[in-house]
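Okay, so subunit A shows up in both of these, paired with subunit B first and subunit C after.
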Partner chain A sequence: MIRDQKLWTWHILAGAVILVLLGLHMLTMHMEGVVKLEGLNPASAANEAQGGGKLQPIDWANVKARSAKVFYLVTYILLLGAALFHGLYGATNVVHEANPPRWLHKTVSALAVVVGLGLFAFGTWAAIAAFLLAKAL
Partner chain B sequence: MSDTKHHPNRLGLWGWLGGGRWGMERYLYALHRVTGLGLLAYFLLHIVVTSSRAFGADRWKTAMDAVTGPLFKFGEYLVFVAFAFHAANGIRLALLELGFAVGEPIEPVYPYRTSVHVQRPLAIGALALAAVLVAIGTASMWLVD
Partner chain C sequence: MSEMSKVTYRIRRYDPNRDTAPHYETYTIDYTPGLTVLEGLWLIKETLAPDLVWRASCRMGVCGSCGMLINGMARLACNTQISDLGTDQLVLAPLPNFNIIRDLVPDLMPMLSTHQDLHPYVVRDDVAEQEEPTGEYYQSIHDLEQYLQFSYCIKCGCCMAACPTVATDPTYAGPMPLGQVQRYNTDTRDGGFEVRKEAIAGERGPWRCHYAGECSRVCPKGVDPAKAIQLLKRQMVLDVFGLRAKKCPSKLVGKPKDAKRRNGIPEAPKPTV
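Right, the complex of A and B next:
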């Protein structure tokens, strides 16, 4: 398989991973009013059971409860990598399709690699640091 | 082997934004591209903003307070709609590209028949799935809270 074919296959495979994990993320953040799955917002149910008001998915109690779980640590890093690769590869393809001069072609590819690796390292650090912090609290 | 020639991109942006005389799939292609690039732009910022959770409750709250208000809520809703379309249409594209739902190959005999008609039900199915997701998201984000 030539290099581009391989990368394209990974692009499609990453799309499948994103579909599942981003689907879960969207269920948690934007569909929770209609589709109620308790495990996705762990602090909400407990808060309501204690007579507290409705918590939002992004309230710290929910964020902390998710951050402390190994499941979220692993899937967030997986989603981070898959979405960065899928999105940046897709964006470079859009530029390449416009037939730019060779220097621009190369610059855009290099920029995608630098931005992708940089944000992957940063996001992975944040997920691990949040996991350790939530565990300690 | 001859070198590949550099062809000028004469149609420019219109080449992929406009559907021309091609069917609805051509617009789905443009929308897939626009939503893909939009999701990417949002996602790159989202990584930076949400990493504030690593510094504890106060920093998290400060970051979230900076992105609240009606404008941000509407922007978030657009991101959700883009996700719904891109995900549903992405399933369609992946299926087609792997050779599903394109029909049997036929002899290229005049009058030529295009496989687009065979693919059409999948496109309609993808749009229906996107519509269901948007309906759930709309209810959840604007009506239920």
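Right, the complex of A and C next:
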């Protein structure tokens, strides 16, 4: 089936997307003292400009400021989709390569689709809800 | 190793008509410098075990018949000097990942059937020209170099025996057939990418390869099937996005009209295929 060719290609691309977005996560959450990109943690710069102390990326002001940005909303959803697809497709392949009976093969594939779509829907809702809440605050 | 006078073969024996399970038998023969593993087997058959069975033909690493597991590595028995093994204790078994017909004879048919399914030949529309050639298909030296090493494959099955994915996943086509898919896909005379894509795009396809690289390590002809599979993966990814460089099968070049045959050079024989 050509389907395997397409799914595998998307699996590889999802890996590349994860790599980029995890790099962004590292820059935002763990390397703010090394690579100073003010846009990544918007509240930090504002707080320092007002004479406040140094804020951490996990401080509420930064979490709220990030959640209110469309850029982060998009990257959250993109990372969620890429991670779910990459992980679940990889996991089903591990099971398939163990050569299970056909019924188990199909059950695992169907389960991965249902679980993946369910988690994606829930995660997307959570990201959008956080975005709307942060905007309202 | 120069003092070696005897060599011991520990050979896995199995006759389905007689044995319930494979077992090992040990034979000791005189060593002479230059003795290959295959020649040692002949000596054992002539003097110690006339019922010992293996498969061999050309005795010079060309036919690919005598692939077997020699001291834990898939090799050609004819191509392996005992002195190169660094020991006088040899352990021989049939190639792993194949069913065993008898003693050292693996059943290569599943591999060859898969190979046949993947259209391992030049696929073109001009069937009449291929049946009755009127010229030659153009191919430059550079074009040839793109697939030349993959065409050295002799289908001995050593790569299949060494592949950990073949060992665990019976749906995977394996390095030999997939290497040959890449060999023909890269051939500029060929236009069969789409038909081969249909044949490999399922569970047997190149994405099952985990790139252990053992196939390339054991290949007795120096072919790099692991590289072929990675190149094939790249082709398949580019194909999904329509970015694969489309190649038209190369054009037919007619016979030269003004060329004169040199004295003493005979006419080429008529095509037989």
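Everything that follows uses one rule, which is that the second predicted complex is superposed on the first by the 136 of 137 C-alpha atoms of A that agree within 3 Å, B and C clash if a C-alpha of one lies under 4 Å from a C-alpha of the other, contacts with A are read in each partner's own complex, and residues count from 1 in each chain.
Keep in mind that, in the parts below, a contact is a pair of C-beta atoms (placed from the backbone, for glycine too) under 8 Å apart; a residue touches a chain by one contact, two chains touch by 3 or more.
Because the structure is predicted, anything quoted here is derived from the model rather than measured.
When the two complexes are overlaid on their common chain A, residue A:Ala83 makes contact with subunit B while staying clear of subunit C.
Contacts of A:Lys6 after superposition on the shared chain: subunit C is touched, whereas subunit B is not. Once the two complexes are overlaid on the shared chain, A:Val115 sits against subunit B while remaining clear of subunit C. Once chain A of one complex is fitted onto chain A of the other, the partner contacts of A:Met31 are limited to subunit B, with no touch recorded for subunit C.
Counting the residues of subunit A touched by each of subunit B and subunit C gives the higher count for B.
By the touch criterion stated above, A:Thr107 is placed in contact with neither subunit B nor subunit C. Contacts of A:His96 after superposition: subunit C is touched, whereas subunit B is not reached. Residues 12, 98-99 of subunit A contact both subunit B in one complex and subunit C in the other. Subunit C makes touch with subunit A in their complex at residues 165, 168-172, 197-198, 201-203, 205, 207-208, 236-237, 239-241. Considering their complex, residues 1-6, 8-9, 12, 96-99 of subunit A touch subunit C. Those residues of subunit A that touch subunit B in the shared complex are 12, 15-16, 19, 22-23, 26, 30-35, 54, 58, 60, 63-64, 67, 80, 83-84, 87-88, 90-91, 94, 98-99, 101, 115, 119, 122-123, 125-127, 129-130, 133. Within the complex formed with subunit A, the subunit B residues making contact are 6-9, 33, 36-37, 39-40, 43-44, 47-48, 50-51, 53-54, 56-57, 60-61, 64, 76, 80, 83, 87, 90-91, 94, 97-98, 136-137, 139-141, 143-145.
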